[in-house]
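Structures follow.
Below are two complexes that have subunit A in common, paired first with subunit B and then with subunit C.
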Partner chain A sequence: MRSKFRLVAELVGPLAAVAIVTVYGSTMSIAQQGNVTNILVTATIVVALYVFTGNSGVMSFGQVSFVAVGAFAAGILTSPTLSRQANMPSLFKFLGTTQISNFDSLLLGAGLGALFALLVGVVLLRLSGLSAGIATFAVLEITYDVLSYWDKIGPGVMPVVLVPVTTTLVMGALGLGVAIAVAFAYQRTRSCRLLRATREDAVAAQGIGISIFQHRLIAFTISGAIAGFAGALFVHELGSISTGQVYIDLTFATLAMLVVGGTGSLWGAVLGGIALGVLETFLSNAENGVAIGSLHVTLPNGLSVVIVGVIMVVVLIFAPRGITGSHEFLERFFSHGPAKTGTGTESESTAKMPDEEPPEVPLSPRPTS
Partner chain B sequence: MSWIGHLVNAVSLGVVYGLVAVSVGLVFGVLRQVNLAQGEVIALGAYSLWMTRDLPVVVRIVFCIALCVAMSLVIQVIIFRPLRGASALTTLIVTFGLSYALEGVWTIVFGTNGQPVSMLSSLNNLVVGGDIGLRWITLVEMAVGGIFFAVLVLVLYGSKIGVMMRATAEDFRTARLVGVRIDRVVTLAFVFGGVSAAMVAILFTVQTPLVTPTLGFNLITLGLVGTVLGGIDRLGRATAGGFVVGFVNSLLGAIIPQELLVFLPMLTFMFVIVVLVVRPAGLFTPKGSNMERV
Partner chain C sequence: MSHLADEPVEDAPATRIPVATDRLVCSGVSVAFAGVRALDQVNFSVNRGEVVGLIGPNGAGKTTLLNVLTGFTGVVTGSVHLDGRDITRLAPHRRARLGLERTFQHGRLFSGLTVRENVELGAIAVRVSKRKARSTTARLLAALDLEKVADVPVAQLSHGDQQHVSVARAVAAAPRYLMFDEPAAGLPEGSLTQLGLVIEWAIKESGAGIVLIDHNVDFVLNLSDRVVVLDYGKVLAEGSSDEIRQNVNVVSAYLGEAGVENLAASQAP
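After this line comes the complex of A and B, so read on.
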């Protein structure tokens, strides 16, 4: 009985948080509703990141590439063909003429994100730790470079413009809700549990016959699908997209949200996404000048990055499992005794051991010569 | 320019990234942790050259080195001491956050568009003209890089603290057991890191006299990539990896056609992925040694 409640809470908690934000946002002005929508869409990307990193314990800096692919595909194929002929004359023919509906473009974003992630994953997912971090970062750089300059598949250095704006507040909330539901459903699968076993102890998991590669690949592909879907939501929220918007800044922002919320839980991803999203929105508004009471304050440009960066560092040093402790919503309330589930990244159990020797070195033991 | 000229230029960039890799490799060797914020130490060094623009060159250089060492040590105390024992990946993410925060600080203090630094610009004059196009700065870079590495080797192999450092890199636990003062060793690694950051800052701004907030991050990402490519757990290999990345990047930039130049980052990072997949333990790590595969 308790465990059933716990399971319900695991899904309902994040959804309720989204609902609260949405209802509260709907009372705001149109301009501020746009900000709230942006927070919801960004949180969708954080959920995508969580599905892979949270469950596998492998950090990826490349998930925003899948967002980029979803956003550009959805943006190009839904913008008016006339605008495409004017702004992107060298597109491949089918890209120049095909027109799809906005709803289809969401599905297309998810599909392309999944496909791209699958291809990348097949090549890269045998790597772990630092190498995986660098390799996924390389994917981000490659995607950015190609999207920025190959004018047969996109607008080159120009942004994609005149994309129909359909991601309203409600649509953003629905999109995030779908992502949460998918992440939750995946968490219930056998594959995900096996993957979590590899996260806790890779050697033992392999010892009982779990294929680390296979289950990581599944998580990576699902994560890519959600990321591509989020990209499509993103482009329909902004009405335009340029490569700079889906590059390192977004990678940093979403990564900070995930680790601050708590890498090891869906609740942490959603809460971190919303909490830091609200903070960032407030700060970047304040960089353009904001009235607090009768005071008119203008913060220096760049301060929001400083504050988010410092929060990220402080949380990682003092609470490596994030503000939720990487627990699911009400998990500790329902569980008997201290919770045993979920660690964050590969490292975190050791992160709070000052003055202890480094853990089993992730790289090779030294040759004794 | 002839191919010799391209090679000479490539060496130039190779030395810069080799120096970046030294500082990453030293910290990794001792602590098994990654310091991405090293890039921001370089950035601070470069900005310090702008701050001291009216002073004599010698003063500027000394100030730059002092500031870089100081900042390096501050990062050690604030970030790395509490994180002692955390994994390489955790420290990578923490210092990623720190780098971003510092980039914001540079933007606030020094502006988005960057500051011009004129520093020893006469070093950009040619030694040998014509097809070869050898500039003084390239010679200076080779000399500085060579001297720095020689000093490092002398310290590591000829002094007591150096022996301690190598012992720590070999086996942290045993080293501490036999009485190596880990904190001193770590401090020394960060001091060397600060000095090499200062040299990168100086050498780089002589050639590229505009310091922007993203300078440090751009240098450190490619430097770290080189370190991992070469084999991060051995200083010599890591340095060689940094050199190769700078060298190859510069050479590719010279030989690929102008209209394809924009795809240079793609080629560089494709190369990175290929190396990581084929030789996960590093380009210069002999086959057959244990490597991280799980």
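After this line comes the complex of A and C, so read on.
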């Protein structure tokens, strides 16, 4: 019974947070609603990142590549063909002429994100620890370059424009809700349980029969699907997309959100995404000048990124498991024992198998009888 | 029957031990770390239902041999066969699914998870259904008197209890072969008896072929049907526990000449 409540809370908590933000946002001006929508879409990307990094304990800097693929595919195929002929004359023919609905483009984004993640994962996930992290970063770089220079699949350095804007506040909330539900459902699977065991101790996990590669690949692919889906939401929120918008800045911002929220829990991903999103929005507004009471404040340009960076460092030092402690919503309330130990993102230092022998101990080889 | 490998083992052909079913065999296995031979042409086997102790001084290659059997260490030469199937190139998780389970030095439990979750994972990881894993876990926890801590994160357990959990996690997979890597390491003398009982229970419960490594030689000798002594990566001696206790070469490997003199003195009428 208790565990049933705990499970319900684990799903309802994040969904409730999304609902509160949405309802509160709907009372705001149209311009502010756009900011809130942006927060929700960004939080969707954080959830995608969480599905892989949180459950596997392996950092990935490449998840925004899947966002990029989803965003560009959805953006190009839903923009007017006339605009495509004018702005992207070198496109492959089927990309130049195919027109899909906005809803279909969300599914396409998810599918392409998953497919791309699967292909990347098959190659990269055999690496471990630091090399895997660096390799995922290379994927981000490669994706950026290909999208920037290959004019047969996109507009090159120019943005995709005239994309129908359909990601309203409510659509953004629904999108994030779907991502949360998928992440939650995945967490209930056998594969995710086994993956979480590899996060705790990779060597022991292999020893008892768990294929680290297989379960990481599954998580990576689901993460890619959510990221591609979020990319499609993103392009329909902005109405246009350029490669710079799905590159290092977004990678850093979403990683910071996940780290601040708590890498090891879905609740942490959602809360971190929303909390830092709100803060960032406030700070970048303040860079253009905001009125706090009768006081008019204008922050220097670029300060918002600095502050987010500082917050990330402070959290890493004082609360390495994030502001949620990497616990699920109300998890501590329902569990009787003290808080769990161990960190959410276990480094892979344990993944080596040294032929260790304990220090010399006295022996008694002679019979005792 | 005592087999003393006084002659260089290199001379023995690699296929000396017949490959058979119900048997885990490694033949002619050599392993090198940074140019140093950790194992040198080692032949070793364990039958289902048999308990084989593996002893030897520090650095003799005991854990290396266990890592070779379970797939964590690759071989330079030689082969490993499980029930007649060549598994030399198989990854550790594949071997576990074929019924080759092990415990680790210092437990290596999933420290953030509860006792119950740890044991259940032992079964689920080898593709036992969730329902069956749950009932198996309940049975094992009851047998080991771990029910009252079933929902406690293992990190909060004593070292001794953690060892019991790691035994249960391995047994939950219903292994065909089960290896214990230094289960007594770091345990106080007082809890050895209980650990011995737990291991005896695991031997009965699983019916598996057992390989037992420990620094505590008496602990190993008391539990084993057959004992293999490694020294400098080679099989130094093999025989029953009593034979090994009386073996001059073994005592000399552990305690040097002084030990041999003591042994001689104790055997004098």
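One rule holds in what follows: the second predicted complex is superposed on the first by the 342 of 369 C-alpha atoms of A that agree within 3 Å, B and C clash if a C-alpha of one lies under 4 Å from a C-alpha of the other, contacts with A are read in each partner's own complex, and residues count from 1 in each chain.
As a convention for this text, a contact is a pair of C-beta atoms (placed from the backbone, for glycine too) under 8 Å apart; a residue touches a chain by one contact, two chains touch by 3 or more.
The structure displayed is predicted, hence computed values, not measured ones.
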item: Which of subunit B and subunit C A:Gly289 touches, first, second, both or neither; value: neither
item: Which superposed partner A:Val203 touches (first subunit B, second subunit C, both, neither); value: both
item: Contact breadth on subunit A, by residue count: subunit C or subunit B; value: B
item: Which superposed partner A:Arg190 touches (first subunit B, second subunit C, both, neither); value: second
item: Touched partner set for A:Gly244, first subunit B, second subunit C, both or neither; value: neither
item: First (subunit B), second (subunit C), both or neither touched by A:Ser211; value: second
item: Which superposed partner A:Pro80 touches (first subunit B, second subunit C, both, neither); value: neither
item: Common interface residues of subunit A - those touching subunit B in one complex and subunit C in the other; value: 203, 206, 212, 353, 355-358, 361, 363-367
item: Footprint of subunit B on subunit A - complex, ascending; value: 59, 123-124, 126-131, 133-135, 137-139, 141-142, 144-146, 148-149, 202-203, 206, 212, 252, 255-256, 259, 300-310, 312-313, 316-318, 320, 345-348, 350-351, 353-359, 361-367
item: Subunit A partner contacts - residues on subunit B that touch it in the complex; value: 31-34, 79, 81-90, 92-94, 96-105, 107-108, 112, 170-173, 176, 213, 221, 224-225, 228, 232-233, 262-263, 265-266, 268-270, 272-273, 276-277, 280-281, 285, 289-294
item: Contact set on subunit C toward subunit A in their complex; value: 33, 38, 57-59, 62-64, 67, 70, 72-73, 91-94, 96-97, 101-102, 104-105, 108-113, 121-122, 124-127, 130, 151-153, 155-156, 169-170, 173, 182, 185-186, 215-218, 245-246, 250-251, 254-255, 259, 262-263, 266
item: List of subunit A residues in touch with subunit C within their complex; value: 190, 193-194, 196-197, 200-201, 203-212, 336-338, 340-342, 353, 355-358, 360-361, 363-368
